[in-house]
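Below is a structure I'd like to ask you about.
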Amino acid sequence: MLEKRLVVDSVRHLNARCFVVAFRSGEVAAAARAGQFLMVSVTDAIDPLLRRPMAFCELLGPVTARTGFSILVERTGRGTTLMSRLQPETELEVLAPLGTAFRPPSDAEDQCCLVMGGVGSAPFPLLAGDLIAAGHDVTAFIGGRTADHLLCADDLDRLGARVVLATDDGSAGHHGLVTEPLQHHLDEATGGVTVYSCGPTPMMRAVDDIARARGLPHQVSLEAPMACGIGVCLSCVVPVQEADGGWSYQRICREGPVFDADSLIWEHPDA
Amino acid sequence: MLEKRLVVDSVRHLNARCFVVAFRSGEVAAAARAGQFLMVSVTDAIDPLLRRPMAFCELLGPVTARTGFSILVERTGRGTTLMSRLQPETELEVLAPLGTAFRPPSDAEDQCCLVMGGVGSAPFPLLAGDLIAAGHDVTAFIGGRTADHLLCADDLDRLGARVVLATDDGSAGHHGLVTEPLQHHLDEATGGVTVYSCGPTPMMRAVDDIARARGLPHQVSLEAPMACGIGVCLSCVVPVQEADGGWSYQRICREGPVFDADSLIWEHPDA
Amino acid sequence: MPEPTRNPDLTVKVGSLALSNPVMLASGTVGYGDEISKFVSLDKLGGIVVKGLSLEPVRGNRPRRIAETPGGMLNSIGLQNIGVEAFVEEKLPKLRQYDTCVVANIWGTTVDDYAGVAARLDREEGVHALELNVSCPNIKEGGISFGTDARQLHRVTSAARAATSKPLWVKLAPGVTDIGLLARAAEEAGADALSAINTIRGMMVDVARREPVLSTVFGGYSGPGLLPVALYLLFEVKRATPLPLIGIGGINELDHVLQFMTIGASAVQVGTANFYNPGFTGKMVDELIEWCAQHDVDSIEELVGSLQLPAGF
Amino acid sequence: MPEPTRNPDLTVKVGSLALSNPVMLASGTVGYGDEISKFVSLDKLGGIVVKGLSLEPVRGNRPRRIAETPGGMLNSIGLQNIGVEAFVEEKLPKLRQYDTCVVANIWGTTVDDYAGVAARLDREEGVHALELNVSCPNIKEGGISFGTDARQLHRVTSAARAATSKPLWVKLAPGVTDIGLLARAAEEAGADALSAINTIRGMMVDVARREPVLSTVFGGYSGPGLLPVALYLLFEVKRATPLPLIGIGGINELDHVLQFMTIGASAVQVGTANFYNPGFTGKMVDELIEWCAQHDVDSIEELVGSLQLPAGF
């Protein structure tokens, strides 16, 4: 884990809500794995007080000599609004890399389905690159409310993934939920499949229903409000199934953000 | 009174502690009088929360078509430290002009002694310019701990004032208190004299003792921590002599910052 | 296509008193309205609560009277005011000309003081309500604040109640173990509405001088840092009594106004924000109109007390 | 020429316990020391107070557990912890290896719970002191917090006192009318030192959802916005008792550490700052050394309680 003051290399606005911030840091980039995240301080002042968690989106520079990394951010509140105004060469305090990474499929022959919604696309360019480099066949299912809410399609395409789009309003790709083309794809698929998902909880739950019904391994990346990102505040917990049939809280920032979907309890148990 | 978002035109660092910030605003400059001040917001965030009071130092541009004004700032705490890092073109919220102005001598023949210490020099370039334009003979007595603490000497000289320096350590001008050359000057002076002072309280008190002893009119510019600068919080009060022999609190931001020294009670009366 | 936006109705009722909108100026932060009216038209606001009035003029505390804190400030003004008589003669005539509710914040150091100020104002047209500032020491009872003891609060409220037929608001003090108890005491003594909260005690030290920053050692904490405490205490007051409520403490943006109202405040008062942003309350009214329009809220009173609580609350 | 700087003495005593310096990690903000030690060497600090321990493991509250506030945050973790037994077996061995004071923060919902945890830890080497978190409801007495009632505080402190011969610290809760009363109750019951303060209650509302942000409606307010309240309450505690004090609340820079110490804290605990700046406490120790050198302070204990008060205090 590194505590660093990093320099913003560039800020690229994708649309009115979303933007990509590139940071210079070979050191952090060399350590970062797909699925992990960083905690970014958006101000040196006391308001907003807490750092913001952000997934690694892409690593920059040659594979053997990384020069930096990027994050994909959706403007949703005060902290991300401040970030949207960042200028190149600004310095920000960062803790990275944090949390668990996506694990490769247990079977080297598996094809991979990456299912994402909205800004949940953020960790997938990095994951897709790794999976494709390891020889997996990768299909990315990208969902969003409108065409404007589909993120990383070009990046994933460029990396060599097959890209399938779905929008609630039909403005791009399939008109409907992203799980519909996923289901269709799995119906046709031959051979092993590993599923990865990140996005709104209802989407991840629906993906999980599909994966469970077919007995497919499924890894999800979760989110929760975080105060520390390093495991000390216990703010980011989710209920997780225990081997003995009981359940316990685990920390998304340490035991996650990537979990085996099998272990998750989507409906919070009564205390 | 104006509530404005102003643009910083330039920031010029005089030494490690002091700097001059020029703002563009013909409107504020046209309204500002020597001795008045503004309240500057140093951040859009909530910390530091309060605006900082700063005296008008110089008006910029031609007399008939002002383009802006400058303030002279000493870095003493959090707010002024943030100000010292200001960049040109930054926008700041400002309330201006506030408070009372220095009044011209009641006798048009009077020569004027301007006595200042440290950053108390700030309001005097503007005042000196006005007095000289009105035909008064102006001598500026500038005191400070070391040569580095003498401010506005060049500006006052350029404006046509006679400049007398004094330092505690003898590193420039008279070795000793600024009141010593003042006293000497008054001993030699013929004709009426009006005294103006701004600086550390002990200095202003000493100037007042000298002026009172000689029956000279003396105007002082006071400071106090201010929350509002517009007269509503009652934080900035000083005890002032009442006509009936009693005393009352007056607000430095409204009834001041410029007071007739006569009316001030330097030693706080018992409540 | 969205419907053409109707003009949202911002009027709110605090008991029998109707305000044109829920945004008011808090006591002690706008004097008697003279200076602030250069920055915000009082006609535009729901109301103004004037600086706390006592029977006689009061000089207030020796400076230094303020200290900045992280995200807030302390004050120890010491209730400096011109006295109720000068208020009526010099300030009220001007205030009467505005189309806004004028609330007189009043205080004393004995029960009789409070009753005296209330009685004096009872005859005055243009004073729409009285607000008791009970964060003052009761000098006859050992200096314990009226606002921290339910019995004393009951007495002082009853005395003011007997002295006036105008709407009577009691402004609760934080810094008590159970604010609900105090709220009920005020209710039982005849208060028409409760304002919550006044400043909470705070202190800052000047380490270089090894002295408190304030001449009075500690003072009243106000500003954004107070917000979550004020929201919580309003929630407790709401649970304790059915009286109409006015929310106060740390308001620094529209969302804070809305938070107070969602919990149950019919109106809010803005204090410290007037210092660092004197046009703030006018902006709040504009933004409130916009917010209602954007959220299809026809009447802002729909929001009041609309908070949904989990089971068990 | 300035004298060659001697190494300032940062050691402080909290009663019989000597700390290498006054900077400690506050309970609940650094777990049991595992993760934070990647950012600050525990050997460098005066001490660590571990997450509040109970007799049995506790799951804690349902999420959402935090909310951001202007200049601070709310939490409702619900005292999630692994229980005293797992602490002793899994965490303490590692903590023993550090050259720092380890303080066990303990709590319960009955007086016997507290006594039980205290007794269990009394036998354990490497636990240098116990700190009672009394901001918990007493389930047998209608759920009123141990920390808000002097009689209950006396009982729970006495019970813990009887169960341990280790230094016993009582961590006072704010949100009471008179914290001095509580401080004296703890003193009389045998506390060796007092920590002040725990979080104060606060609330935030999600207006869009018309719901409280936290699942528990309100939570504990911490961070910079709490500072002036914490300083004031420490001052009141200092006036009430001669016990050694530990200052807590809102520390965000060295000046805040110094302010607590000037009022009378022998040591301080840093909480929320560990979240947004995990290396913060190490930096505080470095800056403290520098400050002492620059201000010709040979021993930091000179600062403790050096506040000069105006006449009448």
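Each chain gets a letter, A, B, C and D, in the order it is written, and its residues are counted from 1.
Note that in this section a contact is a pair of C-beta atoms (placed from the backbone, for glycine too) under 8 Å apart; a residue touches a chain by one contact, two chains touch by 3 or more.
Predicted model only: the values in this text are computed from it and were never measured.
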Common contacts of chain A and chain D? B, C
Which two chains are joined by the greatest number of C-beta pairs in contact? C-D
How many angstrom lie between the CA centroids of chain B and chain C, rounded to a whole number? 37
Could you grab the centroid distance between chain B and chain D? Build each centroid from C-alpha atoms only and quote it in angstrom. 46
Indicate the whole-number Å distance between the mean C-alpha point of chain C and the mean C-alpha point of chain D. 34
Which residues belonging to chain C are in contact with no fewer than two other chains? 67, 69-72, 224-225, 252
Where chain A touches two or more other chains simultaneously, the residues are 46-47
Which of line, ring, star, complete or other matches the graph of chains that touch? complete
Would you mind writing out the residues of chain A in touch with chain B in their complex? 43, 45-47
Chain C residues within the chain A interface of the complex: 70-71, 224
Contacting residues of chain C [partner chain D, same complex]: 67, 69-72, 74, 148, 175-177, 200-205, 207, 209-212, 215, 217-218, 221, 224-229, 231-232, 235, 250, 252, 255, 258-259, 262-263, 306-310, 313
Which part of chain D faces chain A closely enough to touch in the complex? 28-31, 34-36, 38-39, 51, 59-73, 75, 77, 80, 223-225, 252, 272, 274-279
How about chain A: which of its residues touch chain D in the complex? 1, 3, 41, 46-51, 93, 95, 224-228, 230-238, 248-249, 254, 268, 271
